[in-house]
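Following this line, the structures themselves.
Shared between the two complexes below is subunit A, which pairs with subunit B and subunit C, respectively.
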Partner chain A sequence: MKKLFSLILACVLTVGTFAGCKAESAATNSAVSTNSDTETQKHINVAFFWISTGLDPAVDYDGWVTSRLGTSETLIKLDDDLKPEACLADEWKNIDENTWYFHIREGVKFTTGNQVTAQEAADSIMRAVESNPRAEEYLKIDHIDADGQDLTIVTKEPNAALLNNMAEPVFSIIDTSCSDDEIRSKVCGTGPYMVTEFVSENKVELSANPDYWDGEPGLDGITVTQIVDSDARAMSVQSKEIDLTNTIDNTTLKLFTGNSDYNVSSIISPRVNVAYMNNAETSPLSDVELRKAISYAVDRESYAGLIGGSAAHSAYSDSTPFGNETIDAIEYDPDKAAEILDEAGYIDTDSDGFREDRSGNQLKLKYLQAADHGSADSAILAQAVQSDLKKVGINVELLAVENLSDYQSSGDFDFYTANDNSAPTGDPQLMLETMYTKNASSGKQNLTGYQNDDIDRIIEEMNKTFDTEERYKLAAQASQILNDTAANLFLTNSYINMVSLAKVKNAEQPVCDYYFITKDITVE
Partner chain B sequence: MSINDSRETVKNKYIEKKLYGRKGFLKAAKSAKGKWIRFGILLTVAVIVVAAAMFGHVFAPYDPVETDFSAALTAPGAGHICGTDNLGRDVFSRILCGAGSSFSLTFLCIAIISILGMILGAVSGYFGGIIDTFIMRVTDVLLAFPDSVFAIAVVGVIGPGLLNTVLALSVIWWTKYARVTRGLVSQMRSKDYITEARFGGAGTFKILYKYMLPNILPQIIIMATVDIGGMMLTLAGLSFLGLSTQPPAPEWGYMLYEGKSYLQTAPWVMIFAGLAIFITVIVFNLLGDSLRDILDPKE
Partner chain C sequence: MEKYILKRFLQLIIVLFGVTLITFIITQAAPSDPAEMKYISMGTIPSEELLEQTREEMGLNDPVIVQYGRWLANVFHGDLGESSKFSEPVLSQMAKKLPMTLELAGVSFLVMIAVAFPLGILAAVKKNKIADYIIRVGSFFGISMPNFWLGLILMYIFAVRLGWFNVVSENNLSGIILPVLTLTIPMICGYIRQIRTAILEEMNSDYVIGARSRGISEKRILFFHIMPNAISPIITLMGLSIGGLLGGTAIVETVFSWQGIGNMVVEAIRVRDYNLIQAYVIWMAVIYVGVNLLADILCRALDPRIRLKNKSD
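== the complex of A and B ==
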């Protein structure tokens, strides 16, 4: 009797648990539908893989979030060819090597109701430069003059990358008359949407900006939730809890493509999956021959088949116009890798299947792997690289770490992976300067100790080269040098994608992944 | 029929049921013979599982870490009976070879915690006083921590890896054993045969080893067997979180993690690893139960 009772109790509890789940999701669904039902409000739920701890565009990379939210804009923005296009500035020109002129669009208002003038823009840019070292490196600014709607930026030295760098969301134009706290929770920008509620790393409620300068936004309200895990994002779309999200892993994307219940917008991005190699003396990878052999030993085409995207040919993604087609890429050739290793003196002396280093000591390379954007891709790449290197006799030890930056700053690694944007501002100089020189000291930076006089010379030349095509040629030269010195393992160019329910219209994945919510997105 | 009559009938029925009423294999055996049969069967299954784990690499049809990018995510079929994972590795071979590390880790952990717990518990119960208070307060503090969370914290500090996980779990799991041992030892300490042994000239170590240990051991063995399932699940949980085995070494918990992304597109990656854990845990839990039926002096 007692047993029967406990069995029944167990069943009831189990059913109760599941019923609980069901009831909960039903509740969220009904909350969502009431939201959209009342007075036929157009409202959607969006999932981001990252919502920052604050919404101040000048802090760290938080500007990328405010830009994705459609709450802040910059003077210019980048189109899908990575060319500058008018945004808050409707006209610009390069007056001389050190002087840039921007005309601020008339009649633009902040969400606070204040007009956007050149003075406001100047204050906003200077605020970014003062509070974010990355911003200072991007502009090399001397001073700014503001007069009515005319903005003149004078740089300390020639900075040809300035125009493109202006599109970086750290330079979002915000109302600096707002207090820092207000900016952190409300942005006070100019975008099509404004923040009505913000919960750090969790949720943002947006409503349409009635004064938006570029027409009426397509939706009345948006709820943006942070869902870190790619699979969880995919499932939330399938359960219709979320109407729109992005960066779904390639294998999961198959569930949505070709299904009329969903829209999928996918585009090859400037992002490159890189296995950075430690060039510092402390690492065996400081030997260029070893790096070269490793570069020949990895089968990039197959990796692209595993995680989607295409095989990388250089430090720059194939989606960039930086002349990848003109340079010699390192192709998969395990025999050549073995030959280089043999010649360089990496020989398996104790017959354990792995080569020893030149002085006969065990060679074991430490590969740090951390999940990027909640995707499983980095884990797959790490194991694929490890398995390919094993085939040529190089022993790689994988370490899945949460605190990657601790290892990086202590230099305690041979490889680390990252999915990095090779042209964050659509210009080749930024990535080259931050990752391959000692110039950058904040944000993304050169942690591998790579140094090359030719690269340094190209950067200097780029500063003074204002012609776009000439800059691209210099970029091609640089990526050839990086390939020749096997600076890092450039694995795949990654696709980025947006997935939405069929009712969501005009959700197109832009090449620049700091754009996401636009005024055009609407629902039927 | 009077109330007394019906009571009598119910009572008789109950006694009858208690004596002969063993209907299912999963129900606890009541007769001594039944207990032994049940134990024998479960032990055989457990031995088979352990043997499969220890010699899995011999039977494995493929190298568990050998990748074949062109055969990634192949469905179960003739070539690969459990399919392949995201890097084209044979899931069946990975499960067989992964068993070795899952089991050896579990047994290592159980050995460490039961011995450590027994020693500390015996010291605490036998000597009493301030040592007892100190050890018992430490166990109280450790018992207040959720074990997985504590293990995650420890691994977070000293870095991920097999031995670090074992260390992290050992630090927190021994308390149960210490408490049971202490209880038994402090009870026994005042028993006549211990007093007589002491008068007979036996030293502290001899008393603990020769007169107390045989009385403690059955309890500890029962606890340890029951704990195997729980420990295996905890370890699988930690390696699911990427804290234990580092890739590409096959491990069941980590295989679940890798399969998670393919739950909808290639469910076999996850299902077979999950099944392996399920079967093993249930076998050892039942074995522990049945061992208790046999060894527990109360029955």
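== the complex of A and C ==
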């Protein structure tokens, strides 16, 4: 027995010794940081859920990371109403259906020290178009003319969404005189911060850009670390290792809300949690009556209570200005769901508690669920939908999968879950075009086989409609059609949030998740 | 012995051919198209013409066996190809991630041995006494805890409440402790039970009773008679465990932001990064065959019965 205690004591002492080293080291680091703070340095530690393998805005979605880091900027930005506001371009106009003019702000410098001119901007945009098919599709560009600070973009065909699309971080304006390797590791952009060290998928060290055009950044330095797991991100703030992070799960967010030690900034984002329904003939959900019944059977309000956010009324998030208030939404009504199912011939013939299909065969729907952005929300939603559908006699089998694309490609699903941005560039066309027409062009594709002539007609009209309010009206029409045909299960509008220690100031979560670190964030 | 090792090396070559070919065929059979996945990861859905062109460039239109042959020929020239996900040579990507995995696996294995053996032996020697009960109950709890949950609990206690460690693991001594504990606690608890059972089985053997009757001390019986006989199956099991550790532990890597090989291969599988998947498969095959070879050699050295049996065969 004595030996056992000796052994346990030895283990504890060993761990204690390591911990002692760590505590000492942490204390030392902390002391250094504090001393520096009091002298000149304003530094914070930030956790991202994702740091890309490189920092070239033109590659894949790396521009989203460089934009969130505050190291790159686009000609225009999206405000919290998802409307364009001036950034590197201080003026713009639509000259004709195929021509857009931008005036590049005077006096803006890259972190390399070079001036941003229209030619530099044109080179950067063309580099993105040549490197990334997404960029090419966003602009439908024919050619660009540059003269001094005047930039003119001529498109191959009318592209009414071009202005908003210019806010996509793939169009971050970077100094193309930098080599590809330099861009990949340093960005060479115009943001309030510049990269001093980059470790792929791990860490980015930032320092203030002394030449920043929009005033002095609020911090001298920032260390950004990738922490994939949402709970680990939350604990890193609790342990004061991280000063600022975002995308904390709603259940965990309660630890910070109302606690004066922390700041919490939450906002409904353009993202919508959707359970996509397979409209193809191979799935029972090709029957619109079954889809409608399912839409009535799910209690969106209670889901919002579970994971945060708000109940979704349509394909577009409530944070978008696309006329959600004019749309008739499908409300929770399990009795109506049961009535539709009865009338459509979905009856429980073998008294096992689950309805059979119209031919009397077993009806079992396959629901694919995959984690998204390190969050548990999709799993919670999947279980909630399964539970609600069980109440109206619909049998749902949940499958947690690592890789949705295999199932999506083979069409081997009835539902699949996604947390999708309903207005990726603040414009309604992109989501509609990619998810609900056969002309899946950017980002995702119409994997559910949904097809509707009226939606196709609205897309055609959107291509030629340059007036913003008119575009929003068209979006509302489309949205109503999607609701009327129960295209998919629009479950909740997602909250996005930022959590920081109380000492961090001006960290406000923007509606558009292209942005995170801004020049205004500072520390007391 | 030399003949035996040579034979095992020849087996390794056959295994390598087999697993790489099977993996190649299985990944090719998956419905998603690597060319399409490449564009999806860029955020676009390519036209059929572009897809066809990309497939041609990537050599995906050739028969599987031709693709495999081409890949194999490159491997013989030391070229494992380029990772489509990470846009760099597979070897340099592996070289970046492997040291962290080796570090985590090595330390975990040593800790596991250092704790599991003494406690397993103690539980066996003190069978049905209080020490045995404590160890058995503790090991029962340890085995029952899933890695991700244990990791978060350890993180909460030691990083958040006590502030002894960081949530984000650093590449130093203190940074490795929580990931190692997360990995080893369930393993230690499993091995304690294995070791205890193996020793108890041997304790009832005739040769132990004989040794006792000759007045040999209990310590000597335990360490010089029982242990060499009991340890063989444990060593074989350890071979499998170390293989698993060296293959990366994606969940622990995710929770502790540890930049190892586990997450890398999960991502490679997701985006159908064939070259990276194949490199990983080679690594795993070498590890498993190599570690098991070492385990077999160790067993032969420790257990004369195996040596004699193989000689008579």
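Methods note: the second predicted complex is superposed on the first by the 484 of 524 C-alpha atoms of A that agree within 3 Å, B and C clash if a C-alpha of one lies under 4 Å from a C-alpha of the other, contacts with A are read in each partner's own complex, and residues count from 1 in each chain.
What we mean here is this: a contact is a pair of C-beta atoms (placed from the backbone, for glycine too) under 8 Å apart; a residue touches a chain by one contact, two chains touch by 3 or more.
Predicted model only: the values in this text are computed from it and were never measured.
> Touch test for A:Gln383: subunit B only (first), subunit C only (second), both, or neither?
A:Gln383: touches subunit B, not subunit C.
> Pick one for A:Ala344: touches subunit B only (first), subunit C only (second), both, or neither.
After superposing on A, A:Ala344 lies clear of both subunit B and subunit C.
> With the two structures laid over each other on chain A, which partner does A:Asp249 touch: subunit B (first), subunit C (second), both, or neither?
first
> Touching A:Asn202 in the superposition: subunit B (first), subunit C (second), both, neither?
The answer is second: A:Asn202 touches subunit C but not subunit B.
> Under the stated touch criterion, which partner chain does A:Asp231 make contact with: subunit B (first), subunit C (second), both, or neither?
both
> Once the structures are superposed on A, label A:Glu402 by its partner contacts, choosing first (subunit B), second (subunit C), both or neither.
both
> Which one hits more subunit A residues, subunit B or subunit C?
C
> Taking the superposition as given, does A:Ala280 touch the first partner, subunit B, the second, subunit C, both, or neither?
In the superposed model, A:Ala280 contacts neither subunit B nor subunit C.
> Once chain A of both complexes is superposed, is A:Ile267 in touch with subunit B (first), subunit C (second), both, or neither?
Neither: A:Ile267 stays clear of subunit B and subunit C.
> Of all the subunit A residues, which ones make contact with subunit B and with subunit C?
Overlap of subunit B and subunit C footprints on subunit A: residues 231, 402-403.
> So in the complex, which bits of subunit C are touching subunit A?
Residues in contact with subunit A: 30-33, 36-37, 39-46, 50, 85-87, 96, 115, 118-119, 122, 126, 129-131, 134-135, 152, 155-156, 158-160, 162-168, 173-174, 177, 254-257, 259, 263, 266, 269-270.
> Would you mind writing out the residues of subunit A in touch with subunit B in their complex?
Per the touch definition, subunit A meets subunit B at residues 230-231, 249, 251-252, 254-255, 299, 302-303, 305-306, 376, 379-380, 382-384, 386-388, 390, 397-403.
> Okay, in this complex, where on subunit A does subunit C touch?
1, 3-4, 7, 11, 15, 18-19, 21-23, 25-26, 47, 53-54, 59-61, 132-134, 137, 170, 200-202, 225-229, 231-232, 235-236, 238-239, 241-242, 374, 402-403, 405-406, 409-410, 434, 440-445
> Quick one: in the complex, what on subunit B touches subunit A?
Its residues touching subunit A are 65-67, 69-70, 72-73, 86-87, 156, 159-160, 242, 246-248, 258, 260-266.
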